[in-house]
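What follows is one structure encoded as structure tokens, with my remarks underneath.
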Amino acid sequence: MVKFLKRFYLSLIFIFLYAPILVLIIYSFNESKSRGHWGGFTLKWYGELFRDRDIIKALYYTFLVALLSSIISTVIGTFSAIGIHNMGHFGKKLALNINYLPVLNPDIVTGIALMTLFISLRMQLGFLTMLLSHIMFNIPYVILSVLPKLKQMNKHTTEAALDLGATPSYAFRKVVIPEIMPGVITGALIAFTLSIDDFVISFFNTGPGVTNLSIHVFSMARKGVKPSINALTTLMLLTVVILLLLINKRTTKGDELIP
Amino acid sequence: MKNRAKFLAYPYLVWMAIFIVIPLFLVLFYSLTKGNIHDPSSLSFSLESYARVFEVNYLKVIWKSFKLAFISTLFCFVLGYPVALIISTVKAKYKSILLMFFLVPIWMNFLLRTYAWMSILSPNGFINRLLSFLGLPTLSIMPGQTAVVLGMIYNFLPFMVLPIYTVLSKIDRSVIEAAMDLGANKIRTFFNVIFPLTVPGIISGITMVFMPAVSTFVISRLLGGNKELLIGNLIEQQFTVQRDWHFGSALSIILMIMILISMAVMSKFESDNDNGGAPTW
Amino acid sequence: MSKKIIELNNVTKRYNDVTAVDNINLYIRENEFITLLGPSGCGKTTTLRMIGGFEEPDEGDILFDGVRINDVPPYKRNINTVFQRYALFTHLNVYENIAFGLRIKKVPKDEMDRRIKRMLKLVELEGFETRHVDSLSGGQQQRVAIARALVNEPKVLLLDEPLGALDLKLRKEMQIELMNMQKNVGITFIYVTHDQEEALTMSDTVVVMNKGIIQQVGTPVDIYNEPENRFVADFIGESNIIEGIMHEDYLVEFSGRKFKCLDKGFQQNEPVDVVIRPEDIDITEPDKGLIQGVVTSVVFKGVHYEMMVEGGGFEYMIQSTDMQPVGVNVGLTFEPEDIHVMKRGS
């Protein structure tokens, strides 16, 4: 009985989570443009999606910004985390608290605050400001995922490398970086996903001609229905599921490798 | 070695000053001034913007933002806690796959998720088509508060479930066994042992839902239309349409202060719970 | 005697206002097994880290083979270290951990293979080459750490509480193994521990430290039998430390009596501390004893009984196989050579 209730409840929640997406998937194959009316099966919205230059451009900017901002923020974040880890008690606390601000502040406040900065500096809002804003909100997450790895590392590990004849820079490349690599990768992945998904901060810090996927969907949704969005949703879902299955498979395989 | 490595943080300290600290001070500065933002010499100290925040119309908007965020958070908690509990008790091999499918929607674009609800709830959307097909009267949920709350619950539910699940999965089995060993039945064990142990997860779940809900302007705009303005929409309009940075900044500062107060209240609740032991309800 | 390989001359190290090492002088001979022994915070690890090159002394000089090495970085010293909790590289397997130093020195592949094989044999880890270090037990990790250091053929090996994380049985086994290894490879070991038994078992020379100051340097037997002050007597083994007065050479008074002893060179009527080890005291009939007393407690310790006897204004601890129950009147006897007279310390 309890088991049945559990399953029933979980099923309801999963219906709630997936029903809207499923409805969109069905619509994406609907010949008729009207929402309620089934006009027969078609793939034409997918064709339209790939011919829509605005969507392709938005996708291009989304991935470009995500790639650049996650790489740059991973590099800056990793070095900064090492620096912060080695700071004195007071400085460390101060740096970490300021680092936390963009994580704790509502996105809209971070977004408008950056926008006032860029405009006060007389910068033209556009690709560069959007990239800078993404780097800015990504770095804190990289630092927060690298720091625990640094804490975990035996405090004598670097010394052990020096003791065995490694110069400080050799020890850094061959020991410190590999030891904290899992945290660096986690940080980079978080940064990439946050950047791809961001709407609010990009919305305030981009200029004419430069939109990402979220901004594009927002402006389309405000104007009304466009069935190519349905096709886009279907493709996104497919990508996410495939990616997650791959990651899942890889991690379970990895578990088996460890005796 | 140790002393030299700390220099690696110095460039980021400068970066943080420029991109985190100064922007927030700029917001504070604009909230306390009036004049033309593009002409620094015209700016003068003024509390006018704060005075405007306390006009009845705007107070109503702020009140509504907090009310809707509170309702959504409550629903997320009531719906999400059982989900976390159930997932934490299933067999290990189903656990990761359940968790994965629970996370798929949040890996999808936030805007697309909200858009999906538009096509379900809109006046000639899926639900109303279904109802009229069945010969039932149609509903007018969207645009409206119900649609906004639904959108918030849908978007933020995973943020409630995840932290609670994490805390649940870290509870030492022997603690539960000890409770049962001491004569507590399953219900007592839950309310006296498991639930208090998950309070930190609940607190971070509440924060992770309440914060984006109270400051959103996307969900309210797409599902609430033009009539369900929230504080997020007010701020957005000041910076994109009205070009009144002073008022927008004052609203942002008020929003930050109110969120800070909510978080302080919540962390006080958490530490009270630590001292008190048993849950208060 | 072999030559001095490391010398510390008037070395001082301070952290902010705390003096960790206070003006110490010490030399270490080639092929010696020397142990720095003391409670935590006594400066032993700081001393070791200065020899390893991880800390620079604020004052004084450290000489290696007669050359001043104060500011030579660790990677340019022919000294290797086995760290507390090993500090293995968790991203490398056993082979690569041991190969780390050799790769830096660009040792040819076949020679590297040969040396690593020999090391794995020495630490009894043959066949573990590709194992991940996280999958090893504490004792095995310990051996990898030793092999990783020894493979570089350093002139001096520093060991910082290397057995601290192991359980008692394994620790005893590793003590023997380390001693054998040191004899086999014939290099200087500088060992840091807070465990006095470990220090006495393994070392040629023991350096007892407290509050950044060297209290006594000597062979384990000297340190145990002839402690130079109250701290050493108290820290090494169990002791009865009684306040007394040295009347003249070979005559000391304590517990209200005068006793013959082997110590001399004190001033007349100088106040002193007298040490008698609990195992050196015998229990006899009350009238045959040098001191009379009453047994106040008895604890069985396995090999012997530990009894407290109150008499002569002092509570003596006695370790003996001859058990007397609580409340019995007994006599205590000891020989002149069991009495150690020390200067009344600070």
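To keep things simple, chains are lettered A, B and C as they appear, and every chain counts its residues starting from 1.
Keep in mind that, in the parts below, a residue touches a chain if its C-beta (ideal position, glycine included) is under 8 Å from a C-beta of that chain, and two chains touch if they have at least 3 such contacts.
This one's a predicted model, so the numbers in the text were calculated from it and none came from an experiment.
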Chain contact graph, described as a line, ring, star, complete graph or other shape: line
Pair with more cross-chain C-beta pairs in contact, given A-C and A-B: A-B
Chain centre separation (subunit B, subunit C; CA means) in Å: 60
Whole-Å gap separating subunit A and subunit C, where each centre is the average of the chain's CA atoms: 55
Distance from subunit B to subunit A - Cα centre to Cα centre, in angstrom: 18
Junction residues of subunit C - those touching two or more other chains: 54
Multi-chain contact sites of subunit A, meaning residues that touch two or more partners: 159, 162
Set of subunit B residues in contact with two or more other chains: 1
Interfacial residue positions of subunit A with respect to subunit B in the complex: 6, 9-10, 13-14, 16-21, 23-24, 27, 34-36, 76, 79-80, 82-88, 91, 95, 98-99, 101-102, 104-110, 112-117, 119-120, 132, 136, 139, 158-159, 162, 168, 193, 196-197, 199-200, 204, 213-214, 217-218, 221-222, 225, 229-230, 232-233, 236-237, 240-241, 243-245, 248, 252
Interface residues, subunit C side, partner subunit A - complex: 52-54, 73-75, 79-81, 83-92, 100-101, 104-105, 132, 135, 148-149, 152
Of subunit A, residues touching subunit C in the complex: 154, 156-157, 159-167, 170, 174-175, 178-179, 181, 258-259
Footprint of subunit A on subunit B - complex, ascending: 1-13, 15-16, 18-24, 26-27, 30, 37, 79, 82-83, 86-87, 89, 96-98, 100-105, 107-120, 122, 124-126, 128-129, 154, 157, 211-212, 214-215, 217-218, 221-222, 232, 235-236, 239-240, 245, 248-249, 252, 255-256, 259, 263
